[in-house]
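Shared chain: chain A. Partners: chain B in the first complex, chain C in the second.
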Partner chain A sequence: MRTAAVIRNTFRQAVRDRVLYVLFFFGILTIGSGAVIGPLSLGEAPKISKDLALAAISIFGVLTAILIGTRLVYEEIEKKTVYLIVPKPIKRWQFLLGKYLGLMCVLALILLAMTVVLVLYVYLSEGKFQFCLLQAVLLTFFELAVVTAVATFFSTFATPVGSGIFTFAVFFVGHVTRDLRALGEISDSVAVKLFASFAYYVLPNLSNFNIRGEVVHGVSVPWSQLVYAMSYGLMYAVILLVASVLAFQRRDF
Partner chain B sequence: MSRDTLKKILTGVFICATACGVFLTQSSLDRARAPREAIVRELMYFPSGRFMSAVTVGYDNLAADLVWLRAIQYYGEHRLTDLKFEYLGHIFDILTTLDSRFINAYTFGSLLLADDADEPDRALALLDKGMRNNPHDWRIPFIKGFIYYVFLRDFYRAGRYFRISSGIEGAPDMAARFASFAFQKGGDRVTAINLWSELYDRSNNELEKLTALRSIKELLMEILEEKVAEFSERFGRSPDRLEELVEAGFVQRLPVAPDGDHFVYNAPKKRVEPASGPLKVED
Partner chain C sequence: MDVVLRTDSLTKIYKSPIAQRRVKAVDSLSIEVCRGEIFGFLGPNGAGKTTAIKMLTTLLSPTSGKASILGKPLSDMSLKSRIGFLPEQPYFYPYLSGAELLDFCAQIFGIPSAERRKKIEGLLRIVGLQESGKRRVSTYSKGMLQRIGLAQAMVNDPEFVILDEPLTGLDPVGRKDIRDVILGMKERGSTVFFSSHILPDVEMICDRVGILIGGRLISVGKLDELLSGDVESIEVTAEGLPGSELEQMEQRSQRILVSGDRAMIEVNSPDRAGEVQRAILGCGGRIVSVIPRKKTLEELFIKEIGAHREEKP
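Then we have the complex of A and B:
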């Protein structure tokens, strides 16, 4: 119940944020821009529109997670509202979990709205509904769960700018960990091999959540792969949230 | 004139003068930057596909779409100017590294490479990459057979690739038909016309359709000119109209291009031309 109260409060706080509306507006605009680019693409309009829409959902979701997630805890400390919460009968982990889940609810709402636009757009332009597009959006949601957990972790001890930079760096590296491992495999140096393996398993492997290429080309993705990716995302987010709680508990309020 | 009116006029003049200054400065900047920007545009194709794939942080399909749009632009620019397609192979290599399932990039890219860029070896290499990445797609070996048949005149290999294509699930009957044509009637222009016609009918890419249409018209004109030569040899004069070829029994009927265009005989120039006018470079 206490966590639910924090979730509700965080949700209300986030939906009042103007940044959210700006990002949402640009997300919808990008999805719609497929209609303009399509005629220039020599018969590739359906592919390009879907690529653009799925990328827009992911990019604007990640931006929302970073821009709002990095301010989650910091603003409570900066505005000193955390001092009003700490004496209340709520544990710190409940507070942090509530903040995280509140933002995830906002992200779910944004993704849902953009997905409705995407599905309608595809249905109107192609006359059919493509279920596999929803699989890509589902995994994007789990990717956002990890990115938001990273942002929450950094926001417990760093400023929003610092957290934003760190989270973006993790997002970038998270997409090249496979290349890092491949680099390690071809390297003669044992140190490089070890570092590459360490980075591959320790950093979040965000390419696990990217099946946009497959679904756009109509390649079926087995449910087992989706379940593995979702489980990976869930576990990684839990680890980061535990680390965030530990960092948050060390802070002196 | 009151002081206020004078102030308003002066402000208006100042704004107009400054706006002119902005326009002139921008024009000068555009002129100064144009040559360098042209080089930058060309250099944009230099990074390798693997590098691009790493820096696109998971949005490689979107990056491939952007490269596809740039590829069309690049092709269009050079097709209308110098007819040099130096980076075309490299662009399609990047494109297919970013999105290895982009079948039209392999098929359309290889046709442009074989036809416009006159680089059939590069076209075949692109198709080999496509076959490695998409072994279950019949279109790639089919286009490989097409290139062997139409551009390289290697009918045995053409037949082999048509046969490979016909064995893949989803391949239409025409793949097996072309395989037997290639093995039996290598070099037959009618088969080449049929091949181009299949491409014309199936493609939803306007440039590909134009290329196919141009080739079909060229082949039909070649056949008709041969018939005109036979007519001249028998009657000791050139025909005034192509209909005379039908009347004399050289052809059963006059061919019509897929776009509905007919052919006429240009007697003074002694050549067959499409009724819509001679083929131009941009066709």
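Then we have the complex of A and C:
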């Protein structure tokens, strides 16, 4: 019940934040822009439109996760609202989990709304709907679970600007860890090899969640691959949340 | 007497990692607060009051020493259900209305939804916000914020309430409202521990006070013991005194203040007051008032601060 109270409060905080509506509006606009950009692509219109829509869902989801997630805990400390919470009978991990899950509920709602727009758009333009597109949205949700956990972790000790930069850096590098590993293997520099190994083994491998290349061509991804990616995302998010709790637990206010 | 709060050599040292400096914000604080009393925790700005309160509410971990509330160590989670707390200059979630804020706090205390609505209505009535419960707290005035803060501190019917500077920044009417709410807490059976440096208010409502200066508890006790019932001085105000008589009176009194035809003569004993009154009547003057003055908390407070400064030049 106590964690649920924090989830509800975080959800309410996010849905009363104008930033969310601005991002959602631009997300919908980008999905709709497929109708203009698609015809310019010489016969590839359906693919381009779907690719653009799925990328929009991912990018605007990530932006929401970073812009709200990086303020999630920091603002509670900075604005001293945490003074109301800590003396009350709620454990610090329950509070942190509530904040995280509250934001995940908001992200689920955004993804759902953008997916409805995507489904309608594809159905109206092609007269049918490929369910494999939903696989891509599902994995985007798990990618957001990881990105939100990264943002929450940084938010327990860094300012929103710092957390935003760190989280975006992790997001960016997380999409190229395989390429970095390959670069490390062929590089003679020890520093490059070390950085490549660090990026590959420590940072999240976010390309696991990107199956847009397959699904826009109507190719379904096997469930075993989906389950692997989802388990990986869940595990990574749990590890980061445990680290966040450890950082938050020891903190003096 | 049943002791509700007990601290034993509670100490907080802040260390600056860069300058290698150590600041002792609270130094071996040992204090006891008994059930049913209103305890005023006094001290000038920077005395360590808020640091001590933060340790009691687990916002800060003590460097050394220990404390218990209601017989339980501060780390006991079940204890938190029995405590209410109002932070200094509280900031609430601006997107919530007053009623939503109380509902959120009540949920954290695990109060069932059926009870919550009734409780919130009652609390809003107690703090005089029944008309503003649906307004967002971002639109509240300073006084309203303090009142909603007090309401959230009472949401769990606490046995022990800690209030950090609840009277600061309020106008006289606002201060009276908050004083009444604090007295109401005592009537409902809560023990109240509150910090302040607004001494007349403390004098009006506290049973006992502790004075903290430079992180150390300098003085603690019942107000009437600390202030003693003895008359410190007597002020005799008179009219129509000739100038020559005033000059003579200056020798008998501690000080004289003259304003137009009226003079206030302060003397240090009832015998001297009698002499002065006879002299006034003897020279054709008229006595307007005779007021015995007792020591005030403010005087005690200033004296203690002065003594502390002399000790630590």
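To be clear about the criterion, the second predicted complex is superposed on the first by the 244 of 253 C-alpha atoms of A that agree within 3 Å, B and C clash if a C-alpha of one lies under 4 Å from a C-alpha of the other, contacts with A are read in each partner's own complex, and residues count from 1 in each chain.
In the analysis below, a contact is a pair of C-beta atoms (placed from the backbone, for glycine too) under 8 Å apart; a residue touches a chain by one contact, two chains touch by 3 or more.
Keep in mind it's a predicted model, so treat the numbers as computed, not measured.
After the superposition on A, what does A:H217 contact: first (chain B), second (chain C), both or neither?
first
When the two structures are overlaid on chain A, which partner does A:D252 contact: first (chain B), second (chain C), both, or neither?
A:D252: touches chain C, not chain B.
Check whether A:E185 is in contact with chain B, with chain C, with both or with neither, and answer first, second, both or neither.
Touch partners of A:E185: none, neither chain B nor chain C.
Considering only touches as defined above, state whether A:E126 meets chain B (first), chain C (second), both or neither.
neither
Under the stated touch criterion, which partner chain does A:V86 make contact with: chain B (first), chain C (second), both, or neither?
Second partner only.
Is A:A55 touching the first partner chain B, the second partner chain C, both, or neither of them?
first
What is the contact status of A:H175 with respect to chain B (first) and chain C (second): first, second, both, or neither?
first
Give the list of chain B residues in touch with chain A in this complex.
So the residues of chain B in touch with chain A come to 54, 57-62, 64-65, 68-69, 72, 99, 101-102, 104, 108, 203-208.
Touching chain A in the complex: which residues of chain C?
Going through chain C, the ones touching chain A are 54, 57-61, 77-78, 80-81, 83, 85, 87, 89-93, 95-96, 100, 104-105, 107-110, 152, 162.
Can you list the chain A residues touching chain C in their complex?
1-2, 4-6, 8-9, 12-13, 16-17, 79-91, 252-253
Which positions of chain A touch chain B when the two form their complex?
37, 40-44, 47-48, 51-52, 54-55, 58-59, 171-172, 175-176, 179, 206-207, 210, 212-214, 216-217, 219
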